[in-house]
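Order as written gives the chain letters A, B, C, D, E and F; numbering starts at 1 within each chain.
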Amino acid sequence: MSDTPLLDELENGPWPSFVTDMKEAAEKKPAARDLMRQLELSYKERVGHWKHGGIVGVKGYGGGVIGRYSDQPAEFPNVAEFHTFRVNQPSGWFYTTKVLRQLCDVWDKHGSGLTNFHGATGDIILLGAPTSELQPTFDELSSIGFDLGGSGSDLRTPSACVGPARCEYACIDTLDICNDITRTYQEQLHRPQFPYKFKIKVSGCPNDCVAAIARSDLSIIGTWKSHIRIDAEAVKQYAGSSLDIQTEVVDLCPTHCMKYDAVAKTLAIDDAECNRCMHCINLMPKALRPGVERGATLLVGAKAPIVQGALLSWVLVPFMKMEPPYTELKALIEKIFDWWDENAKMRERLGELIKREGMGDFLRAVGLKPVPQMIMRPRANPYFFWRDGEVK
Amino acid sequence: MSDTPLLDELENGPWPSFVTDMKEAAEKKPAARDLMRQLELSYKERVGHWKHGGIVGVKGYGGGVIGRYSDQPAEFPNVAEFHTFRVNQPSGWFYTTKVLRQLCDVWDKHGSGLTNFHGATGDIILLGAPTSELQPTFDELSSIGFDLGGSGSDLRTPSACVGPARCEYACIDTLDICNDITRTYQEQLHRPQFPYKFKIKVSGCPNDCVAAIARSDLSIIGTWKSHIRIDAEAVKQYAGSSLDIQTEVVDLCPTHCMKYDAVAKTLAIDDAECNRCMHCINLMPKALRPGVERGATLLVGAKAPIVQGALLSWVLVPFMKMEPPYTELKALIEKIFDWWDENAKMRERLGELIKREGMGDFLRAVGLKPVPQMIMRPRANPYFFWRDGEVK
Amino acid sequence: MGVYKWDDKQIEVDEDGFIQEPDQWSEELAKALAKSEEEIADLTPEHWKVVNYLRNYYKQFGVAPMIRKLCKETGFELKYIYQLFPSGPAKGACKIAGLPKPTGCV
Amino acid sequence: MGVYKWDDKQIEVDEDGFIQEPDQWSEELAKALAKSEEEIADLTPEHWKVVNYLRNYYKQFGVAPMIRKLCKETGFELKYIYQLFPSGPAKGACKIAGLPKPTGCV
Amino acid sequence: MAARTDFGPPDFHSMLPPVIQKNYGQWKYHERVKPGLLKHVSESGDELYTVRVGSERLLSTDHVREICDLAEKYCGGYLRFTSRHNLEFLVSDSKQVEPLIADLKGRGYPVGGTGAAITNIVHTQGWIHCHTPATDASGVVKAVMDDLFEYFGAWKLPAYCRISLACCLNMCGAVHCSDIAILGIHRKPPHVNHDVVRAKCEIPNVVAACPTGAIRPDPPNKSLTVNEEKCMYCGNCYTMCPGMPLADAEGDGVSIWVGGKVSSARTPPRMSRLAIPFLPNNPPRWPEVTDAVKNIVETWAKHAHKHERMGEWIERIGWDRFFELTNIPFTEQHIDDYTLATETFRSTPAFRW
Amino acid sequence: MAARTDFGPPDFHSMLPPVIQKNYGQWKYHERVKPGLLKHVSESGDELYTVRVGSERLLSTDHVREICDLAEKYCGGYLRFTSRHNLEFLVSDSKQVEPLIADLKGRGYPVGGTGAAITNIVHTQGWIHCHTPATDASGVVKAVMDDLFEYFGAWKLPAYCRISLACCLNMCGAVHCSDIAILGIHRKPPHVNHDVVRAKCEIPNVVAACPTGAIRPDPPNKSLTVNEEKCMYCGNCYTMCPGMPLADAEGDGVSIWVGGKVSSARTPPRMSRLAIPFLPNNPPRWPEVTDAVKNIVETWAKHAHKHERMGEWIERIGWDRFFELTNIPFTEQHIDDYTLATETFRSTPAFRW
């Protein structure tokens, strides 16, 4: 009889089963086998079986490996030490099968044979190796061209949506920006030096397919300034399709800036009123396209709820041109790093620090002027400050 | 030449001038004259000229008089002491000329001859008398049937919209409720005993013509449960008028629960979806009327910004029948007084205390169950508590 | 500003008759104030209970107590305190007890 | 849990090799750890500067300092600290300095 | 003999004109006959005309007597005031309506304030009676109402526009939910007078009063210290303690807030938000303030849809557009940095250029 | 020899299939051919087909190799993963599309997840690798996706419905802006082990870590104390200190949150809000959780307008109605009592019965 009856149950059902993957790995790898057995115990007892924390790593780096030890090492000796690697993915998660196979070979040699494609931040996760295998694994990874991602109080592995590689909406070269930033800030990525983690994510348009606005301290989101390009012919085609342009597109435009003439089958947009929400373009991609003057909106501050409640990023720079070598962007990033690093408390994310110190202080520190696009609405409380010299 | 040139300027222009009133009073009353001269000084110097605070009053009461002393008593001896009375208005601010004349006579005898009809809370304000005149003024006021209002950390003078006296929208007898509560809580009104002030205001419908929701710790707002009464004939009349029923009424209904048939000139309301915002009734008072099952929504917590930022009242009891002697209402008020008085810090308003302690504690203390009507939306943070017994 | 005189003594008081230096309070002053301000011929033990409670509380915390506390600790209902001190706890009792003019609750 | 042995002594350490009782730290232990964990043959004055700063900061505040502070106060760039301690300030220097395993920034 | 106490206000029933006593709770509908004139019709068929008259609120007793004269002449000796300090003449005899209006106009009483008009400005004491004001009340109100007078007596606006004024952050005018709020503000920290603090203040209460924690006790000196960096001049410490004055001719002035509302009609009540952080006190006419208010009113009037309150209009077009259309400069002060700040930030790349 | 360091990730250019290299930034439009199949067309006329495949994320190396086999056979050896852990096969030869899909289906790979479908559940480690979980990740995801499988491969929903899971309040799945979020929670305060605290913890950091100030240092004992009344079981103290475990078989479980979104399409991004405060951990299939999620999905699907995301629907009908339609009991836990609580209260008498 199986010693993982609870897990076995999860091999049933149409969705691909992680249990099947674990069993596959377990055939070759005692660590994978013990991992399954320990997980079965967790399913039985309804609690996890890993000890707290763990600081392990490779020489020269402060992050990139998450230490983990079983709390039942006698029972599950092959996962007594079970550390994971965060391996920096190529921008946009594109792979040749060649490099994937190389990765698999390295991992079969040193680790559990189990992976995550990918971690929530974007890294390739190589799940579980003993301490003694860490440095050898890294040495081999490096020889096949893979470097580690971030962990701890450092810059975390940046990520980007598929962008210009496959998406017609991309207003910026998400992949190149991600790649360039990652390379520029290798030091900050690999050697924790900040008050806490810092995340950067890049989406090509306001659809935000990497959820940058929800989970990156700096969110770079593509947008445009000039008018939405309308292909009148394509509008006519949509008019003949199952799409109801009036109710599905025009009526749902949040700024009510669209007009559809059902008789002439023509669409007009008052671009001055459009807020570039993407809805109409999403519904009529053949007929509507973002404008040609393109760049990014930069937003700051997102994070998960620990400690003071979750935050969504908010606008810092309404529009910035995005062309290599991204000098303006990098100058700003460095000012942000500096101010944050100088002022934050331990484990205080950028958004929390701005919240504590006020946007005013932050803007002055990074050299930006306040503009109404930064806010949804002005303050409702009368508790505002005047700076030196403003009042005589 | 006039010694109040700046004030004199404010006698020009079409809006009635308070300066003219001051001059009128100044003809008889040296205090009014000195008040003008001191005010002129303030206009010149752009600062006020009253000293801080003042605790004066009448025997047996802790509130009702605001003490005030000039900071230039030598220059303006007749306003060296210049205390104001807060006199409790009749509900709805209705008067016979007879009582108004009596009031004027009392005030001409003892005070400055200047008044406010009314103070922002709702009291009649009798502006300025010396300390020696306080008790005599009160004695005479009491003999013509006027009692004092609140001040300090007490129940403040309740107020009510014109309600059933002249408004067809009134779903509750605002005037009677206001009057009844005021009489029931004379002790709390006249003898400060709370952590801070407590305000109650009563509006007959969600139009909220006394701004209860913005500025009363307990806001009583009339509403209804049954369906909006539609007079089909009157709808037809409006259809023929300058009112555009579709765009002005139906399209602005926040719940989109109205349908207008422009051909048949009929209006239909899906009452289950209506949130009783009053918009349609406001625009078509001849055709639409609140439902017949009536009562009040009780809301709590409004206040001005000092100390922690302003609050608007929020729903505590979605619906309560309002019939004399308002037993259920009073039982609730007393539970609220008790909990607040027992738990608040100095100068902590009810809304601030609930904010600090959480609605959960408050609801349990006043014996109410949580209902979704209390909130606009549920919490977004995962920081919630479990009470004893909820978790084994 | 003014001066309050009793017996042969005098002390600075503000416009509302509150003494300016809490340290200069004395039982005699209290008795005099009680008479002139509140028409209390003789301070009874119940009066003193209130006055002493106020003074002690102020010494300990630097503020006047909240009314609920005053009533609880003295065991007197508020109505009764107004009978003792017709001007009430703040204008009456605190003044006699030599506290600074309360801005808070009493 | 485990035991770290050096010369003829031994001391309890956790899985990551951090000592469990900060009070039992000694210079000898530091030297031994430096050798076995970081391949540092001899702790130079610069190594000691970092180690001593960490120990003193921890004694005073009960926590390890933030990296920016460590660099500022020692005058070393982070990159240089990694040259001194290849495993970095947390896994390398703090361990040698006998601090609890940092959860924070170092 | 001690006066009678705790008998409460006069019973309102005795103040109601007969037509109201008869039709109390029986009103069926109303009409807005013309600006300043309402007609309420009862189930019984009875009619009641209300003539609304603007008032300066600060009334002399003689002025009140003149009002009484009018009420006796046309209204059987009954009248009321409104929740916004206006006067209402309650006319049960329709033939008296026009003569009353003519008489009022003749005496310079403004008739209006109903419907889509600018009605009276709810306001407070200012330099006339309060100890904490950062501006005057009655004077500013007079100047603004003179300037907006055309909107009181006529229906030229898309919707209600409720203006309120409070002379300090205590906001006795409860201005925080007004279409336009005029709010007196200080801009300098309190100037601590240690002697006064020592003699007169309950130091723990003063410390607790500061919303930003700028005040620390200073036990050796039996006084306190203010961290001026943290002070945002709310004046709450002065309310608690005379030793902390902050009034100052240069520091004090007026801020303008917009977009609040109280009624639940269409959209829920909402708070006013900062439009202009500071305008100087410039008596007697406060021209910077009157210009600013008029500009906001007229920009709204020009662009809003029918029935669209200030705040509804702004939320539709966006605050970015509001600043553009009104030509009001956007400053650091507009960006919230108090407790709910993050709720006001723009967490979306969707905005207008 | 020390390894080469700081060379960064592989250059993505070298990972792009030729059709993308050629048409990079030149895509003109796309079509959603059918569930799981996208077609992108370039200005050059070139076409690219994407076949999206659901993935368990936790892959064995052999499984990865099988995927490589497929990519080599049909896609010239190129593939990608998505931001939600799915697999995408990038097919430049249209004739390979159907054979690929057939092959995938034959091997049991689910094709779908595009358009108005339920795509993969973003998730985290759970009991597989993390030290702070309050529930498992992969197991719950498997159970829920099995239960909702019909919505992965077909377009039966009004709009996107993005489900995410995080196994503790750290929210590594960044679930806080999901149409439906499944979040592991503890319900018991930490069980302080003073010996461990003494030996291993930086006490000041632990104290600072508590969002509600429930932790106080206890210097005499070189440890700390927890005010259990104030603790809401966030686990942040445990993250900082092994001496504060709070995992507990009875205490731990799952909460459900709804109505968040990330895109700015139509309405701005918004956070998910509490729908169900607690459901028990009931492995291996978590039936209470799968039922709850399905109920919410199907109630939404039944009532929402076309293109209306969960949160847009709920805000239109009101949260009161949401609780009614889904039959989810409303509890004290739903009412916010954290820092922004007052922003969530209903400050209007306008609501539905």
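Side notes on the structure shown:
The rule we apply is simple: a contact is a pair of C-beta atoms (placed from the backbone, for glycine too) under 8 Å apart; a residue touches a chain by one contact, two chains touch by 3 or more.
Everything quoted here is computed from the prediction, not taken from an experiment.
In terms of the stated touch criterion, the partners common to chain A and chain C are B, E, listed by label. Between the two copies, chain E and chain F, the Cα superposition rotates by 180°, quoted to the nearest 5. Taking the CA centroid of chain B as reference, the farthest chain centroid is that of D.
Where chain A touches chain B, the two copies mostly use the same residue numbers: shared numbers make up over half of all numbers in play. Using the mean of the Cα atoms as each chain's centre, the chain most removed from chain A is C.
When the C-beta pairs in contact are tallied for B-F and for A-F, the bigger tally goes to A-F. Chain B and chain C, compared by their mean Cα positions, are separated by 34 Å.
The geometric centre of chain C is 65 Å away from that of chain F, both derived from CA atoms. Averaged C-alpha coordinates put the centre of chain A at 48 Å from the centre of chain E.
Mean C-alpha position of chain D lies 39 Å from that of chain F.
Of all residues in chain C, those that touch two or more other chains are 63, 86, 101-104. The multi-chain contact residues of chain B, meaning those touching 2 or more other chains, are 51, 53, 59-61, 187, 206, 213, 254, 276-277, 305, 309-310, 312, 346-347, 376, 380-383. Multi-chain contact residues of chain F, defined as those touching 2 or more other chains: 2, 169, 171, 176, 205, 211, 234, 239, 264, 268-269, 271, 338-340, 342, 347-350. Under the stated contact rule, the graph of chain-to-chain touches falls outside the line, ring, star and complete shapes.
Chains touching one another form the pairs A-B, A-D, A-E, A-F, B-C, B-E, B-F, C-E, D-F, E-F.
The touching residues of chain F, when paired with chain A in their complex, are 2-12, 14-16, 20, 24-25, 27-31, 40, 48, 50, 54-65, 67-69, 71-72, 77-83, 85, 87, 90, 108-110, 122-124, 126-133, 136, 138-139, 142-143, 145-146, 149, 152, 166, 169-174, 176-177, 205, 208-209, 211, 234, 236, 238-239, 242, 245, 247-249, 252, 260, 262-271, 281, 283-285, 306-307, 338-340. Looking at the complex, you find that chain D touches chain A at residues 15-16, 18, 63, 66-68, 71, 78-79, 82, 86-91, 101-106. Interface residues of chain A, counted against chain B in their complex, comprise 305, 309-310, 380-383. Of all residues in chain A, those touching chain D in their complex are 51, 53-57, 59-62, 67, 69, 81, 152-153, 187, 191-196, 341-342, 346-347.
By the touch criterion stated above, chain C contacts chain E in their complex at residues 14, 20-22, 61-64, 86, 100-104.
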